[in-house]
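Please read the structure below before turning to the comments.
First chain written, first letter: the chains are A, B and C, and each begins at residue 1.
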Amino acid sequence: MVLAIKESIANTFGFVKNEVVGFSRSRMFYYVLAALAIAAVVPLFTSSYVLSEVLTPMVIFTIYASSWNLLASSGQGSLGHAAFLGIGGFASALLVIKLGIPPIIGLFVGSVFSAVIGLLIGLTCVRLKAWFLGMVTFGFSVIAVTIISQFDAVTGGIMGFRTPLIVERGLPFYYLTFVFAVISVFAIHLIMRSKLGLAFRAIHGNELEAKMNGVNTAKYRLIAFVLSTFFAGLAGGLYAQSIQYIQISIFEPYYSFLPLMICVIGGLGTLEGPIIGSVIIVAIDRYLPGIDSALQFLKPLFPNVSFVGPPLRMLFLGLFLIVIVVFAPKGLTAFIRRAYAYFRGKLVTVKEQ
Amino acid sequence: MFTLSGIVETLLWGVANGCIYILLATGLNIIFGVMKLVNFAHGQLLMIGAYVAFVASTALGLNAYLAILVAMGAVAVIGIGLERFTFRKVLGTDKLNEIFVSLGLIYVFENAAILLWGNDSQRIVSPYESLRLSLGEVAIGYDRIFGVLIVIAILIALFLLMKKTKIGLAMRATSQKSDTSMLMGINIEKVYIFTFALGAALAGVAGALYGIIFPFNPYIGALPTIKAFAIIILGGLGSIPGAVVGGLLYGIAENTAVYFLGGIWQDAIAFALLIAVLVLRPTGLFGEKGE
Amino acid sequence: MLEVEKVSSGYGMVQILWDVSFRINAKEIVSIIGPNGAGKTTLVKTIVGLLPSKNGSIRFKGEEIGKLPPYEIVKKGVNMIPEGREIFPRMTVEENLRLGAYVIADKNKVKDSKERVYQIFPVLKKKEKLLAQNLSGGEQQMLVIGRSLMANPELLILDEPSLGLAPIIVEKVLDTLTKINEDGVTILLVEQNIRDSLSIADRGYVLEEGKILIEGKGRELLSNDHIKEVYLGI
């Protein structure tokens, strides 16, 4: 038994080492290094508003969307991931306040707690087809609100409360989330490259075939569920700290749909998808309100609303999502890549003529 | 205090509410059965139906019950558009794509409703609003009784459509074996459009009834979708009688939960029921081979 | 009646058929034989429009049908019985038959066809109100044949009708097919069961690895060296 564990640890270690060495020799390594350097240096030159309202959420939502992406890569779509974002946020903050443990431990325990709840939910629904899983998870995010409100005396969720911080807001907190994001994304990358990831992809590709090839599909889907809810809980703990406040509004469908949006727009099932999607979505969310006052001239068309901008923006976001799924099902990046290749191809043929 | 008349009234109201869910669940179930497609934005069609009936009864001055017909027709037309321009494009590809399209539709419908009608709650005023039928201590509004009668009439019409007409025959055949149906000479795209329009029309009627009984706003769609789902799972996939029984049970369970546990549990009960069915009778879910 | 010329087809990116050509004359029984995985099912699915043909042409009574959807092809008088007795299990026998006549608008015609089918298979009349899933394997095979006759087809295509049936029932099925053929229906029989199918066929083709390999008269093919060696093990 001990030997087996030792061996599996050694195997895992060997796999990670191989991956790291292989990666450091690939061309991709330099791109990633450059991207990391930019992400590390840019915050030094931005205002504190941009730092805490734009860059930090981008990084946290990268973790959150990556957790969703991991789940989706095993063919499972959650429509209630906000439940785990919220559970992670509430658990990590409450542990610190009620038990007085250090916030960093609280963050970790909160994530584990989210994964445990994920395990329980997963046990009831990993055998379900995609839609039913989506519905059950969405339903769970609704019941989570009910439970937190019912036990308001303990949770304080209805009015909300201030969350204890691990480090000071601003640069230190940004770098903290940045480190967590890098570790999470890399960990998820390793998972997807391992045998586990192979099983996930096999299930996603063709569940029946995977089953016939001896893959215990229920087990692997459950593993994906637990891993995903762990990272979602982590993102929740960090998010609650970044906005310094937590309340039941964190369970709103908006937060459940957010990672879907991010992944679809960035590119589903790819490593960079959640990162690119987060940057785009947060930027839209933070900077596009600027055009709201410009859109206000449409007000006479819609006499029943006082501010035309927000619903109009959301409506176009919805249309945008549909258009992407129908016309560019591999995400914007793949679409741009294809468009680029197409135009380059045209250019080349023009030159040849 | 809990009283007998209180409990009886709760049950009756449960039946009446259940009827709205039955329409929604039946529509969802027909679409699922025939097309193997799940439209998560089905509840938003209910919401649009409520607003269409609202406009028909206020701007056009129609009787609330005639407005139901307008809602039915309008939402059916919207359904045709949805099938033709969104779902047909992703049908048969990755199941996640259907979820994404639905999500996009949720955003589109909710925000379109906000733009057109604002955030405030509305009601469709029925001419029978203040009338109640009293049986001893128990009283029930006429509107709820009419609602039940309308739903019964629709279900009978639906039954005849499925059993007696050619398109009903084609829908049942397609739901059992789509490839073989094509070999029978059935134009499956036509069947899909009709099916989606029918499911949407039912959601439109459900929305109009909802608007007559409850106040509504652009955000009411999401919860009825989950509830309809719980009902389908309760009653069995693809089965219309199952949806009817499930809908009644659900309406009663929800009202009973509110009566005994408090209003906060109204929505959570849907999920509790869902989990219970999944744990106790998972075959209800996987019995049907639908992929 | 049916002319297939240089047709290629497959599933998605996987090409299975390579320039397949053959013809069926009116009132003939033609058999296409070949081992498992040769592309027989792909070929018939392409003919009836369930799979798109990549190139080449398929003509029925001189009219190009290669790009038509299945329901148009059925209307033109081509009917296919797919592999595996694809009945509609949760519908009655009578409803199954009515589905067979889906393309026929004239109710009297449908009634006549039903009577004719009941004459050929009296057992179906007896079990008219039963759900199709409650029939035995042999009865289900009769049901699918009866169902396809409901559309009054000019060309009937059968994909492996003998698969999984007892020899005595296979014989019955082949007898029925000969009778149907005598009534003027052209038949394309796609089979792995070579001896039986070639014994009733006027002509036969051998399909291997997506290509037509041999062509000949039905019974003569049985004495072909390649067929003897590979299929009959003589």
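As a working rule, a contact is a pair of C-beta atoms (placed from the backbone, for glycine too) under 8 Å apart; a residue touches a chain by one contact, two chains touch by 3 or more.
Everything numeric here is computed off the predicted structure, so don't read it as measured data.
Visitor: Are the chains arranged, by touching, as a line, ring, star, complete graph, or other?
Guide: Basically the chains just string along in a line.
Visitor: Please tell me whether A-B or B-C has the greater number of C-beta pairs in contact.
Guide: Counting C-beta pairs in contact, A-B comes out ahead.
Visitor: With centres defined as the mean C-alpha position, give me the chain A-chain C separation in Å.
Guide: 53
Visitor: Using mean CA coordinates as chain centres, what's the gap between chain A and chain B in Å?
Guide: Comparing mean C-alpha positions, chain B is 32 Å from chain A.
Visitor: Counting in whole Å, what is the centre-to-centre distance of chain B and chain C, each centre being its mean C-alpha position?
Guide: 43
Visitor: If you look at chain C, which of its residues touch at least two other chains?
Guide: Answer for chain C, listing residues that touch two or more other chains: there are none.
Visitor: For chain C, which residues count as touching chain B in their complex?
Guide: 48-50, 69-71, 74-75, 79-80, 82, 86, 88-91, 95, 98-100, 102-103, 147, 151
Visitor: For the complex, give me every residue of chain B touching chain A.
Guide: My answer: residues 38, 40, 86, 89-90, 93-101, 103-108, 110-112, 114-120, 222-223, 225-226, 229-230, 233, 264-265, 267-268, 270-272, 274-275, 278-279, 282, 285-286, 290-291.
Visitor: Please output the residues of chain B touching chain C within their complex, sorted ascending.
Guide: 166, 169-170, 172-173, 176-177, 179-188
Visitor: Mind pulling up the chain A residues that touch chain B in the complex?
Guide: Residues of chain A touching chain B: 72, 75, 77, 79, 124-125, 127-132, 134-136, 138-140, 142-143, 146-147, 149-150, 253, 257, 260-261, 264, 268, 302, 304-305, 308, 311-312, 314-315, 317-322, 325-326, 329.
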